[in-house]
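Quick one: the structure is below, and I'll ask about it shortly.
Chains here go by letter, A, B, C and D, matching the order in which they are written, and residues are numbered from 1 within each.
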Amino acid sequence: MLYSETVMDHFRHPRNVGVIEDADAVGEVGNAKCGDIMRMYLKINDGVITDVKFETFGCGSAIAASSMATEMIKGKPLIEALSLTNKAVVEALNGLPAHKIHCSVLAEEAIKKAIEDYYKRNGIEYDKRDFPDCDSCSYCQNE
Amino acid sequence: MLYSETVMDHFRHPRNVGVIEDADAVGEVGNAKCGDIMRMYLKINDGVITDVKFETFGCGSAIAASSMATEMIKGKPLIEALSLTNKAVVEALNGLPAHKIHCSVLAEEAIKKAIEDYYKRNGIEYDKRDFPDCDSCSYCQNE
Amino acid sequence: MNVYADNAATTRVSRTALRAMLPYFDEMYGNPSSLHSVGQRAAEALYEAREKIAACIGAEPREIYFTSGGTESDNQAIMSAVEAGRRKNKRHIISTAIEHHAVMNTLKKLERQGFEVTLLDVPENGIITPEAVAEAIRPDTALVTVMYANNEIGTIQPIAEIGAICRERGVIFHSDAVQAAGHIEINVVRDNVDMLSISSHKFHGPKGVGALYVRRSVPLTRLIEGGEQERNRRPGTENVPGIMGMAAALYEACENMNVVAPKIMAMRDRLIEGLSKIPHSILNGDAKRRLPGNVNFCFEGVEGESIVLLLDEYGIQASSGSACASGSLDPSHVLIAIGRPHEIAHGSLRLTLSEENTQEEVDYILEKVLQVVEHLRNMSPVWRDLVEGKREYVIQ
Amino acid sequence: MNVYADNAATTRVSRTALRAMLPYFDEMYGNPSSLHSVGQRAAEALYEAREKIAACIGAEPREIYFTSGGTESDNQAIMSAVEAGRRKNKRHIISTAIEHHAVMNTLKKLERQGFEVTLLDVPENGIITPEAVAEAIRPDTALVTVMYANNEIGTIQPIAEIGAICRERGVIFHSDAVQAAGHIEINVVRDNVDMLSISSHKFHGPKGVGALYVRRSVPLTRLIEGGEQERNRRPGTENVPGIMGMAAALYEACENMNVVAPKIMAMRDRLIEGLSKIPHSILNGDAKRRLPGNVNFCFEGVEGESIVLLLDEYGIQASSGSACASGSLDPSHVLIAIGRPHEIAHGSLRLTLSEENTQEEVDYILEKVLQVVEHLRNMSPVWRDLVEGKREYVIQ
């Protein structure tokens, strides 16, 4: 199969799909042009992610990676969520095909974007270089 | 099949194979280098071919063409044998593959060579141009 | 229920084709170049196959060359025309923006070698006009290559009209008929085609074998060097069983076409009608001038691979225009060429039917596609934005 | 009695190979590029086949590329090495005078394109020396290509020794192992081979499919353009059943080699011994360093095609070195290369055995060859001249 059983499980039954209407932070990466968009909604309490939901437009591995990533940060302190790497997501998914690795990168970045949004909303200082920006992404050749 | 049934019949059971020890004429064409040699022996009486035998070193169609050609001139006046064309031999054989046509040419030429030999032995004048000569043959590239 | 609806990708080998192949594996397994009877029996089989295929497309047996598939046929046809052109200092090639990669990438290679390639724009209906070809022809045009029918959106090009123009203007005309052969009627004489590619596995023959029709007077050069097989134009021991399977499959497809095609077209049109009811969906390619079995839709707000994977969960095999499987993130060049924006082109679904499909299956497909599109839209941030008016619908 | 003794031309597809192919025609008929389960099952099959073939020759799965046969593999290997050489301005190629046409004619094409080709002379035993290769290598040598075993006279080249020299000198080394694979042990690591061609139908697999081994670090360029199959190196929908058949056949051949080869060699040696008793006959190629099943003789005073055709009348399928069937009048370039004069080279007979042959068949062959050679000598003007002393025997 193209995807591992874990990927397929998360694709078939994605965890934490949906919206948090009163989210404390929202992060979005990708664009429809390049074929993948991920949006993460966080509820944050005392520096801990108490709830997380996602919406994804994208391929099977994008959906699975979003689902897995939300599982991995739910209930975790922000600082721990920030250190989640795409590699960890790939491992948790039992691997992704080489050309789908970028989906795990998107998941990592969507979380970071959401946390950045939280820092911004709350006037918390942070180092911009720790956060992704779309221009540095090489996956889709924006015209 | 590569060859028509007629070719195979003449190849399997060649007519007039052998030598005429006291032949009135012998003609030989081709050479071992190019893979085909035909030798025709004639008995001639009153300008008529009363007997003919052949020996051939060569492929299936060379043997069949020799056999067919001897059948076609046996009992015929020299003048008629001289007008035997390779095309007639091919037709009598029910066709030859394109790259085997030269075998029928060899058969025609072997007969002509034999008749030329007869003319020479008997001091009969003839036009050299009516007879084949190996140099004009394009089938084997003699180095 | 299991519904195979990906017949443009490849087809099941028919019983007729399989039956035609089997004896050549372990009974008449000779090499057609061998002089002996076992080899000659294989050589005779090859000739029969050549006759059958020729008969199906209005050609003569000696105008048929066997290859390893559609890709090789396309490559050899184009490289041959280009070789002939090179000798006359003609370095211009005309094609379309919606060709298969086998043609497109060969043209790209030629561009790198200094050839000039004009790719004709394709209107939204996916069908180029003969006039566009006529206008593009120049004195130095070595080749016009236009596919008979498109592999993604199924549109059928006006090949006979283009052929007439090329013949009149003295330009070699090749058509990639890989998707057309066995599905719609082809006649190389009527169509004035000089070269035509076919691939066995697209009409219920085996994979790994194809043919190239080359008109008598058109020069064909070798793509590979070796022995003297295929009249010294395509070396290598011939794939005798594969060729027998291809010939049997094409013959059967052409014989049954009049009966089978209308049946498939009815299913196609029912599918098109049903899918059109999904809001913000659009049919790709002309509704009528398309292959009998081809249905291709874009659904706004969802991505193609996930549609395909979810349908597969329901036992439905389909494909998406996007070339995800191949590692590329680019959406289909065909959908872009007919004017679909990138975000829409990513959300395409291709369903390609054969005579093995049933009305019942069509209804099952309709039910499941509806379900899957709804499911995916429900988790799509793009769809949310559209619904909430934050983004404008591309497809009304 | 019917005796197939032309296994170097092609072989019967084994039951194992056929069984491995069958499910992929009409059950698991998916396109390996398709995302859905039917396609992915085919993709998995492809991977299994790659593993099997790799295991047989000591390679890694990702070093195996599937092609349409030995000819294509040879072409792609040579053209790739040449492409790599061109970039470094290396325009010299070393090969032997006894290569198959797939190699020889590719080299001829390259000569026309300005490459310099050194064809190593071959001694009478048909085996070149590693020293000859070492001496021929120059700073601008882009490729050494030497066949593993010869298709006509069966001689086995010292591939491991040549490989060691090429590796040391940094020259790409390709070997056409079409006749060797499945018949003698090959290990690409031990042999220091960079590229190696095989063809399925020479070891009881199906026709029209082959493979090319390419060492990890060696660049492979495309011969044909198209989709991204075979890691973007060989486009075109993969011949899945053919590939499965090839893998199964090679695996079986390699597994059984230790048992089967000695049996075939015993038959071979019995044939050689028997045929040597025919006056003025000579074995072509080294008596021991030859393929297990290969017997090749010249008989003075007779021509090869007629031997083959008459043997066929007795139910024995054999071949002649001369390329009569192909329309050429030239005798085998291999026999000429090992020093047989033209007139002798025309009179060759190749008998190639497989595990399907029996001792009884060998005796039958011996009886019939004797008979046929005598029959043909009796009608041969050349033989008469030899017997009558008008011509000198070439073979004593």
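We take it that contacts are C-beta pairs under 8 Å (C-beta built on N, C-alpha and C of every residue); 3 or more make two chains touch, one makes a residue touch a chain.
Being a predicted model, the structure only gives us computed values, none of them experimental.
Leaving out subunit D only, every other chain stays linked by touch in one piece. Path length between subunit B and subunit D in the touching-chain graph (shortest route): 1.
Of the two chain pairs examined here, A-C and A-D, it is A-C that is joined by more C-beta pairs in contact. For the pair subunit A and subunit B, the distance between C-alpha centroids works out to 89 Å. Here the spacing of subunit C and subunit D, counted between their Cα centres, is 35 Å.
Look at where the CA atoms of subunit A average out and do the same for subunit C: the two points lie 39 Å apart. Per-chain CA centroids place subunit A at a distance of 56 Å from subunit D. For subunit A, the set of residues touching two or more other chains reads 2. For subunit C, the set of residues that touch two or more other chains comprises 35, 37, 305, 309, 324-325, 327-328. Contacting chain pairs in the structure are A-C, A-D, B-C, B-D, C-D.
Taken together, the subunit C residues at the contact with subunit B in this complex read 35, 37, 40, 43-44.
By the touch rule above, subunit B contacts subunit C in their complex via residues 1-2.
Interface of subunit D with subunit B (complex): residues 301-306, 309-310, 313, 322, 324-329, 331, 341-343, 346, 378-384.
Residues 2, 8, 11-12, 14, 17-19, 28, 31-39, 54-60, 62-63, 97-99, 102, 139-140 of subunit B are the ones that touch subunit D when the two sit in their complex. On the side of subunit C, the complex with subunit D involves touching residues 4, 6, 9-15, 18, 21, 25-26, 29-31, 33-39, 68-72, 74-75, 100-102, 105-106, 108-109, 199, 201, 206-209, 223-228, 235-242, 305, 308-309, 311-312, 317-320, 324-328.
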